[in-house]
Structure formats: C-alpha cells, structure tokens
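What follows is a set of notes on a single structure, which appears directly below.
Lettered A, B, C, D, E and F in written order, each chain numbered from 1.
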Amino acid sequence: MRPSGREAGQMRPIIIETGFSHHAEGSALIRVGGTEVLCTASVESRVPPFLRGKGSGWVTAEYGMLPRATHARGPREAAKGKQSGRTQEIQRLIGRSLRAVTDLKALGEICITLDCDVLNADGGTRCASITGAWVALRLALGKLVANRVLQRIPLTGQVAAVSCGLTNAGAVLDLDYAEDSAALADTNFVLSADHRIVEIQASAESAPFAEDAFNTLFALARKGAGELFEAQLTAVNVAEQCRT
Amino acid sequence: MRPSGREAGQMRPIIIETGFSHHAEGSALIRVGGTEVLCTASVESRVPPFLRGKGSGWVTAEYGMLPRATHARGPREAAKGKQSGRTQEIQRLIGRSLRAVTDLKALGEICITLDCDVLNADGGTRCASITGAWVALRLALGKLVANRVLQRIPLTGQVAAVSCGLTNAGAVLDLDYAEDSAALADTNFVLSADHRIVEIQASAESAPFAEDAFNTLFALARKGAGELFEAQLTAVNVAEQCRT
Amino acid sequence: MRPSGREAGQMRPIIIETGFSHHAEGSALIRVGGTEVLCTASVESRVPPFLRGKGSGWVTAEYGMLPRATHARGPREAAKGKQSGRTQEIQRLIGRSLRAVTDLKALGEICITLDCDVLNADGGTRCASITGAWVALRLALGKLVANRVLQRIPLTGQVAAVSCGLTNAGAVLDLDYAEDSAALADTNFVLSADHRIVEIQASAESAPFAEDAFNTLFALARKGAGELFEAQLTAVNVAEQCRT
Amino acid sequence: MRPSGREAGQMRPIIIETGFSHHAEGSALIRVGGTEVLCTASVESRVPPFLRGKGSGWVTAEYGMLPRATHARGPREAAKGKQSGRTQEIQRLIGRSLRAVTDLKALGEICITLDCDVLNADGGTRCASITGAWVALRLALGKLVANRVLQRIPLTGQVAAVSCGLTNAGAVLDLDYAEDSAALADTNFVLSADHRIVEIQASAESAPFAEDAFNTLFALARKGAGELFEAQLTAVNVAEQCRT
Amino acid sequence: MRPSGREAGQMRPIIIETGFSHHAEGSALIRVGGTEVLCTASVESRVPPFLRGKGSGWVTAEYGMLPRATHARGPREAAKGKQSGRTQEIQRLIGRSLRAVTDLKALGEICITLDCDVLNADGGTRCASITGAWVALRLALGKLVANRVLQRIPLTGQVAAVSCGLTNAGAVLDLDYAEDSAALADTNFVLSADHRIVEIQASAESAPFAEDAFNTLFALARKGAGELFEAQLTAVNVAEQCRT
Amino acid sequence: MRPSGREAGQMRPIIIETGFSHHAEGSALIRVGGTEVLCTASVESRVPPFLRGKGSGWVTAEYGMLPRATHARGPREAAKGKQSGRTQEIQRLIGRSLRAVTDLKALGEICITLDCDVLNADGGTRCASITGAWVALRLALGKLVANRVLQRIPLTGQVAAVSCGLTNAGAVLDLDYAEDSAALADTNFVLSADHRIVEIQASAESAPFAEDAFNTLFALARKGAGELFEAQLTAVNVAEQCRT
C-alpha cells in the first residue's frame, strides 16, 4: 500500500560509505534509499567570536542541495545570492542536534563544521544529513585523538534522525519523496542512542492531527533510529579498522 | 522557585487588544507578561504565483522584532540586508500554523498576510505571535463576511501556541526570557482548540532529555493553551460587539 | 476646506507617551493625529570607528515602518533585503537633526541610537519621528545623569519638526496623508526652541512655487513648532516626576 | 579670506561642453571649478510600471562618482553591492528637480534617464549634476522634436542649482570642498529661471543657525543661479547651431 | 621531477562514470586523478528571454565547489551571498565551450543547463568540468532523440579541455594542485576533436613567458585532449549500451 | 571591406591624455577610436590582508562602464547591487596583466588600485583599459620615485593589449563594436614590450576555429601592440616633461 511496497515500519536500505572526501578530517556518504548526502567534518582551530578565550569548542553545520539533486532542477542558492529559509532551518537543526551529544568543553577551542550536501534527493534529506554528520564528526574526532590533540572522543553518545508521517497508507516510517509530498502530517525525530530526545519537529500539513497518531509515529521513529545507530557504528568501525 | 515566582503550571497574564492598527483589516496587540506583539492581517486579492487560477486562497506570515524590543539593542534586519535564519524559521512556523486551521478552498483567491512585529520581548514571542495572529485573521475574515465577500468564516478551528521547558525549577509552562535563556530543553506546542496537534518543536539545549519529561511538558502546554483559546474568543467577541 | 476640517494653522492633537518600551534607556510613543511613532533611545558605550579614541560621542538614527502602518500593506524592508532611498533619507535627517542640538564632546565616548518605528501612518512620519526622538534622547540622557555617568544633560536645546504644504486649501500646517499626497509643495521644517533653523527641506511637487508661499509656510511652521516644544517638555516632566 | 581667494558672492568658472558622450541622445560635461560631472540623457520608450498606459512620461536620474574623483579613493558602489544613502538621496533630488520643469503629459509615454557621473569632485557635485542634467535633457528633447517624435520641447522652464554656506569667511556662494567640509551650515538651492523655488535643502552642521543667515544665503543663491541659467542657454545654443 | 612522478606529457588516470545523478537527463561523474566533478545536464523547455520565439535553443552552465572539496575548507558561496569572480568566470567558460559544438538552431526552443559541482579538487577543475559536461550533454541529447523530441543529436563535435603549465619541471600536461599553485604560467586549452580551437586561456603568473613555451604547451594539450576524447566516447557508449 | 574601411592590420587612432583626473597619483584617458577609458592609479599604504607584514606590494584593478557608454543604456551595476560576471572577469584580467610586469617585492608594502572606467565604448574596452592602466601605473610609480618613497620604478617592462578577430572581412586587428558583435572568433592578446606573452584569451563564437587562423591573429596582435607601446612611452614622456 506504500508507493515503494515497504511495510509501515520498514526503513529503506542504509549504506554509509566513509572516506569519499579526500581532504576532510572525517566524511560519510550516506545513502538512505534514493537519498544520498555527502557529509564532511572540517576541523579548524578558530572558534566563533562569542566563544573566544572561553576554553570551549563549537560544532556547526551547513546544508546544501545540488541543483539537480531533485526531480526538477532547482535554482542554485549561490546564484540566487541567498540561502532559503528551508536551508537555514535545516542547517540550524543539524548543528543543534550534533552539539547536543558533544562535550564542547572537552573539545577545547576547536570548531568543527559539518557540511551536508545532498547529491540525490528522495525525501528525508535532513534526517540523513544528521545521521551521516554524526559519522563524519566521530571520525574527525577520532583523528584528533589519534593525533593526540584530544585525549578522548568528546561525544556523550550517538545521534540519528528519521522522518515519520501520516499518509494514505497510515502512519509510516522513513518517508520517501512520493510519500512526503502527499503526507497529512510530517515529523522528524532526532534521537540519541540512550533512548532520549534531541529534537522533535511535528507539523500538520493541512489539518491538525491527533495525539494518538503522534505516539504511533514516535514508536516507529524509535525502531528506525535503532537501525541507524547500528549502521553508524558499523561505518565507524570499518573506517577505523582500515586505518590501522 | 521560578524567577517570576510563578507556579510551574501558571501562565503570565494574557491581554489581547484589538483595533490598535488603524488600517489593517484585522489586528491584535497581544501581551503575554512582558512580551508584546502587534499582529495585523492584511487582505489582498492577489495570491502567490503557484496558486493563480486554482480557486484557492493563501495565508502567509512575516515576523519582525523592533531593534530595541530586547534587553540589548539588536541590529535592524532591514539595515543588515537580510532576515536571520531565526526570523525565517519563525515566520514559516506562523504561516503553517494558521494555514492548518484555514479552509483555503473556502477562502477563494484571496491572500492574507499576517505581520507579527514584536514591540517588547520577554520570551515566547513566536507563541504570542501565533496566538495573536489567529485573532487578527479571525477579525479580518469576519470583515470579509460582513462585506459579503465571503459567506462564512473559512476557519476550521482555533489555534494557539505556548512554550514549555525544563528549567532548574523543573518542567514549567510559558517561559519568560530569564527561564528561556537558561533552559535545558525548550518546546513550543501549537495546538488546536479541539485537542489536536498543529506543530510541535522540541529541542534539547545541551543534552538529550527523557521522554517522560516531554510528556510532562505536553500536559502543561495543553493547560496553557486552554487559557489562550479563551482569551482569543473574548477578544474577538469584544471587537465584534463594538463594531455592531 | 481642509479634508479634516482643520484651520490652516491648526495642528492635529499631539500626545507623547513615555515608557512604552520596556528595555530602552528612553522611549516616547508620539501620536500626531493618526500618525503614531515609537521612538527609543539606546545607549551603547561603543562609538563608530571614525570617533574611537577622540573623546567625542555620537547620536544616530534608524527609521522603519511596520508593513501595515499604511493604507495598503507595503513590503517589509527586511524581506526585500534593503532599505529604500526614502528610508535612508529620513533616518539621515533624524540623525543630523538630533546631533545639531547635542553637545557631542560633553556626551563623551557614548553612542546613542534613536530607533523611530512607525506603527500607524497618516502623514508627517519623519517630523513626528524627530519630535519624539528628542524626548527619547532627553530621557536617556537624564538617566545617564541620574546614574552619574554624565554630570549634566549634554543638550544645547530642543528640536522639533513639522510639515507644511501648499494644497488646494492654500498654505496649511501639519499635513495629513490626504493632504500630503495631493500637495503642490511639501516642506519640512526642523527648528530649535530658540527660533533657529536646524534643517529645511522644501520640494515643489509638480511645478516650482513662489518665494512668498515659502515664507508663509515658514511662519506656519514656527507656530506649530511652538506647540511641539511644549508637548515635549510636558512629556519629559511627567516621565521624570514619575520616576522620583 | 575664502580658501580660493574668491569674493563671497563669486561663482567658480562654469564650462558646459556638449556632445562628450557618443551615444546619448543628449549630454553635457559640466565643470564648475574643479568639479566635473558627465550628464547624459537616455531616451527610452518604456515608462515605469506605475505609469504604463496613462499617457504620461517620466524623468528619472541616477548619480555616481568614479572611485578616484575624490582626494582619497572611495570604494566603488558596484563592488560594495549597494548605493549609499547619500547617493540615493542625491539621485532622488536630481530626478525631482528635473521633473518639476518637465511637462510629463506633453512628453507622452517616454522615459528619460539622466545619468550624472562625477569625474572630478571639488564640492557641489549635486548642484552641478542638476545644472548639467538640464542641458542634457534639453538637448535630448530637442532631438525628439527634430525627429518629429514630439511637436515642441515639453519643458516649462530652466532649472539650476547652487550651494551656499556659512563658513569662517561668512556667508558664501558656491562652496568648494575645502569650504564644504568645514561649513557651519550647508544649503542647496534648486531654482527656476522664473525666480521660483524647486527645492531647498538647508542643514545646520553643528548647531542651529539664524533665519537672517538663511535669507543671506538665499540671496547669494539667486545671484549664482542667474549665471548658471546663462551658461545653460549658451551651451544649448552652441550645440544646436553646430548640428544645423 | 614532477611532484606526482608523472612524465611531462602524462595525463592522470581518467574515469568517467555515468548515471550517478538519479534525476538528471544526463550525468557524468568525471575523475581526473584526485579531481572529481559531478556534471549534470538538465533539460527545460523554457529558453532565456532574449531567445524566446526565435526557434533557437540554449546551453548554459553553472559551476560550484563543495566547501570541503579543497585542502582547507572554503566558505560556501550560498552562505556568503554571492558567487566569486572565479566561479563566474569558470561557468561562463564552460557555457561558451559547450555552445561552440552545439547546433542551437537544431536544438530548438530547449534550454540545457550543465551543473558542474566539484566534489574533490586537485587542480584542473574547470577542464574536468568541460570534459565531463560534454558527456552529460551528449547523454541528455541522446535521451531527447530516444524520446523523439529531436531527430538527431544536435552536436557538431566533441569538446574537451586540459590544463598545461610551466613549472620547475618544465612544460607539463595536466597540472595537479601542487603544480598549479607554483606554476610560472598556467594555460587552459579547450579543443575540439577535429583539431580546432574552442578557447585558449594563457596567463603568466609572475612574469611574461616566451612564445616558444606557449607552443610547447599547446602541443602537450593536443596530446592530452586526444585521451579525453577517447574517454568521453567510451563513457557514452557504455551508458547507451546499458540502456538498450 | 571592414565596416570602418580600415585595412586588416590597421589600428584605430590612439590618443593617451594624462592628468585628466585631478586627484589620482597617476591617470590616463585613453582613446582608441571611439573607445574611451579613464584609468587612474591610486596609491595606498595598506596592502590586502594576505600580504600584511610580508614586505610585498600589490596591484589590483577595478573596471566599470558608465551606463550610457554604450549604444543602448545599460543598467548601473551599483543600482543592480552587483557586478556582472563580465565585469569581474575583466577586472581580474587587468589586475593580473599589470602585476605580471610589476616587481611587487621592490614596490614594498604599497597597494596600487587601477580604476578603469569606460566613458565611451566602441569595442576593445578591456584592451584599452590594460594599455591605459599601464600609463597610469607608470606615472604613479614615477611620483613615488620623485617623492623618494621608492628608489626606482619597480616595473620589469611595458604591457599593452589588443583584440583581434575573425570577421567576414577575414582576420583583422583592433575590432570595433560592429566587428566585435559579429565576429566568428574573438581574441585578446596581452603582450609585453620584450615580445613575451602576458595573457591570451581566445574564444570561438559559434564554431571552433583553426590553429592557422589563431597564428594569423597572433601576428596581427604583435604589430598592433608595437603601436601601443610607442603611444604609452610618448604619453609618459610628455607627462613627466611637463612636470619638470
């Protein structure tokens, strides 16, 4: 009954490839079905002005979409001369999500920028960005530990995100573009591996929806997040074993 | 234990004054404690390009803050030459929230712009904006019915918003600035008067938070929203009785 | 014969309310008929680069209009990404006018920003801004004296502004929007209470006008300014008596 | 006693050369002492949106300054990405001044753009721009008559501008840069050849100034304008005789 | 003697992968050594204004670089709010180069946009973009023929580009980043497969260089282009055989 | 057979007038036929950030065109809020060309900005800009030597530029606008007086062109450059003799 034939609680295949970027301190090319996002972590020793001299680090994010990542070509934001409200909203979300699991004090005066660029889009790009960005961040931090800049990985846990929604096929997990564009309600759950909440964004699309439905969507999200946490760990392990 | 001495589940005083704007088809000056937002509804017969000729209307919102609405003067966005990501995020939220209770088909090819300008800020400006914007929208629609442009008010219900958060004083309703700037988790609930969900935004500020806490905050929000729905109805009734 | 039924030399009612802004060091909500402007004075200890280390202060102004202050909604300048030529011209005028009565040396390395935001517009918004800004500035300076930052109020006098114009009803004082939009000549007089000139802006609208007419308009302006100077003093006295 | 040794009421030498621009329908390179402005008039058959189909024409102006027209190189506005408030104020003034002597109805649906670009600056650039722009406009209109697009020159008279100011040497005519930058009051008079007023801009620089002083400056301006009107007529006559 | 150990006339390995983009009508992911560019061709039926109704098509290009494609992270152009001069220069070059081998009349009123986004940069990104863009364009045109929108491929030939330069190791082919950043002269040759010139850009880096050196570089470029033309044909053949 | 009746290898008349700019340290008003460019050299003691403290100077260029320098009025870049890709490409070219003959080490921590503003355009404006900019730069450096800021002129030679192209009349030197807008190939040669190459830009306009044609164009350029080098020297000699 879903356009893709998936079960209500079935994620699309998740593939996280590391090392795609030649220069970034950490990188992950994450594929969730037809959605593909290149996440890179760039380490700089210069923190933003409001943090200088405070002994604390920063994690921030930028998000972009290649003009033809989508079904119809969209205008290039650099050519239009500004980032859309949607882009800014997403990159603020990614930054907040990753900071919520980072020990900024332990990081010290280092700024890590997470660039999430969508190469192919089929729904759920902000969620894939968060999930992939965690891997890129984790690998960059691993390199800082390996290079003895840090003594330990300054992360308090894992964070991943998944979208759920109310569609004609009912409450479903991990919406693709066909589902997303026709959903009655659209939710993004950013969760930590220790079963806590990092961010929830729930939006009615054309009419308010019931609390029960919200609870069903939340349960689906918890299940999906579990699979994402596993895929993250596998990707990190493979990447770090290759290196040694 | 709260900086203001309020109970955990106690809203700040709510005052909604109508008719402050001389020219707008509908207007509401909403005060929630020290937060004060002027909401105006402007009716235009020209819908955005993507809706032209489709027989459907549109409701959109813009948000602004006077430079000295805040403790320290902030830069004027018009002078900086762009709206911040925060501003864009808020005005998108206001627009979605009001559209969720508007029957756009019944509105016909009319566009209503809701301008929410913060005159004094003390936390919760986006929530006050949504709550006040509903009153401005309702009054503008009432005028369209009075002028026989519309046959009935094309609203499916009431919408209001309130923030809740986890603070040192525990889970509390309707955060003021002092609480907001030190909260561990910050949530905005946009709810409809028929006990459904329009939008939920929940953000961990420095560390993920538990689901139980989220449920407590949701319960507080429901209580606060009830008071807001009443204040909205009172304001509309007073305004429409004055007119007749 | 004037649309409002006023005499040629009759001002609209003037009301100056202080303390509307919760956070500003000085504020005045000035109403001149249907024109309503919120003027705030913000004190900062950081002067612009060209004055640093020179022991002199600065007074500057910014002007804005809420989108629905006018009969038809105007575009929001922050959303358009730039301030119009008209806005810039007005805020430069306000700044120059207030600096002309300020002893910048006596102010010391302090910068005061006067924000003039039009909440309701019915002609004469730049003049009301100047008149109200003087009250906001005066109150902020009074607070600096009260806080012993300054020893005396570093003002050399009062400044106020009024528009006059040639209309179908002849030379008239204090144009409202209906008169302003149809005037043959439009003049703004910024005057000091000691009968001197701060700024004059006189513009023919469709054809040059005679010197005699200019002299008549100037005489009307002197009369109107007298009423404004009184209203300013009353507002300051009320505000400062309340405080003590 | 003036830095240049001129008498109080003495203009700098005025030279108006026509035909400098190869392509413009009318052009005047005006030199007033060391100030040199290239004014071109460009005729287009497309009026701005608010005039379309109304049978009326438009005259508008743009102003610019070459980066090294001044003593110290200034930033290029095209590179900075915006025109300064000063530039916009000046080009609005030039446009209004020329429209005040143009019969826009008689012009018909034609738009004439006056570009005033300062090649060398030594004070009084806005006044030289207005004076030169009138010549460019007059020549372009003459060409439209010669080409039988128009039956007569749709001008109601001549317009010219001159600055006067209060300096250490007293009230003086036609300020150069050295005088302008140290003046106590700065005034620009835009006058018509039939002794009427087009625009007056008078600004106190550091303290309000007396009405008597204003009257003295006005008298000087009338004298200076007389010389400018003559120079304009001479330039037009020379240009049109050359052509025939 | 070259940093990479390559011979003077040796290209880096060339790999052109097609179909990386899920939605574009044609796409090529080209790798030349460590430089990797995703080129997509997007077909739209709307030509730019200057061509409307003229029966002719258009080919245009946009170029971008992911922030961390480079050794050190560069600012995101969308965030800065404008494309650099370098970016604009490159995308204009790509567009001109591809139009030079396209029969725009035969294309009809179709616009094809070539997006070239650098995923990894190691010198020669503009050349790789042109070479890859030809493959993307060719595949998109092949699809238009397959879909019977066009009767034949409206290309007059193949175009490819390669950089050459004068380095400490003498005149060399296909500069990588290490060579490029230290070159004495830098040239880009855009050539057609029938041995003609599409574009030449030759720049002395610190001092003028001799004509003989230019001729040597040109000869190297011809050799390198031969390899690129072959790689292009192979990629197109593989892609089109897969499809059938 | 050329629209102007010139021989294939015939330059337009070259006139270089110095001292047109009153304030610039060096200036040249160069006329090549109907193309007229004002080039000024401005000396500042502040180098760009990437050079500070390195003991090396900088030469940079900015290019602009007055709106009515062209047949039809073009939009003013300052009003549009950005410089076109063409403008940026040209000013980067001018800067690179002049730096190629400047000994930046010998210049010391000085920045010279070359402003090239086109007053009248008839083809070849970028070439005239380079040729004129060299004169302005040379004169400014001469003044620095005269003022004992420098001990010798830090130039390694002369640079000049000329365009050549393939037209219906064959390969021709120094294209005017009529030729340029219809050319089959358009080339710009920036050459040094010691017969070396500074920059070559060759572009096919509608179809690739043969190498033989390129060689013919190069030979024409060498001839034209010879005349430009002579005109440059004459202008410098006249200017420096006047001064002494």
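The rule we apply is simple: a residue touches a chain if its C-beta (ideal position, glycine included) is under 8 Å from a C-beta of that chain, and two chains touch if they have at least 3 such contacts.
The chain lineup, named per UniProt: A, B, C, D, E, F = Ribonuclease PH.
A quick note: this is a predicted structure, and the numbers were derived from the prediction, not measured.
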{"item": "Minimal step count in the chain contact network, chain D to chain E", "value": "2"}
{"item": "Relative orientation of copies chain C and chain D, as a Cα rotation angle in degrees, nearest 5", "value": "180"}
{"item": "Centre-to-centre distance between chain F and chain E (centres being mean Cα positions), rounded to whole Å", "value": "29"}
{"item": "Distance between chain centroids, defined by C-alpha means - chain B, chain C (Å)", "value": "32"}
{"item": "For chain A, residues that touch 2 or more chains besides their own", "value": "81-82"}
{"item": "Order around the closed ring of chains, commencing at chain D, then chain F", "value": "D, F, E, A, B, C"}
{"item": "Touching residues (chain side chain C, partner chain D) in the complex", "value": "82, 85-86, 88-89, 91-92, 96, 99-101, 156-157, 159, 185, 191-192, 194-211, 214"}
{"item": "In the complex with chain D, residue positions of chain F that touch it", "value": "20-24, 27, 34, 38, 40, 42, 44, 62, 64, 66-71, 73, 76-83, 87, 113, 115, 117, 119-120, 122"}
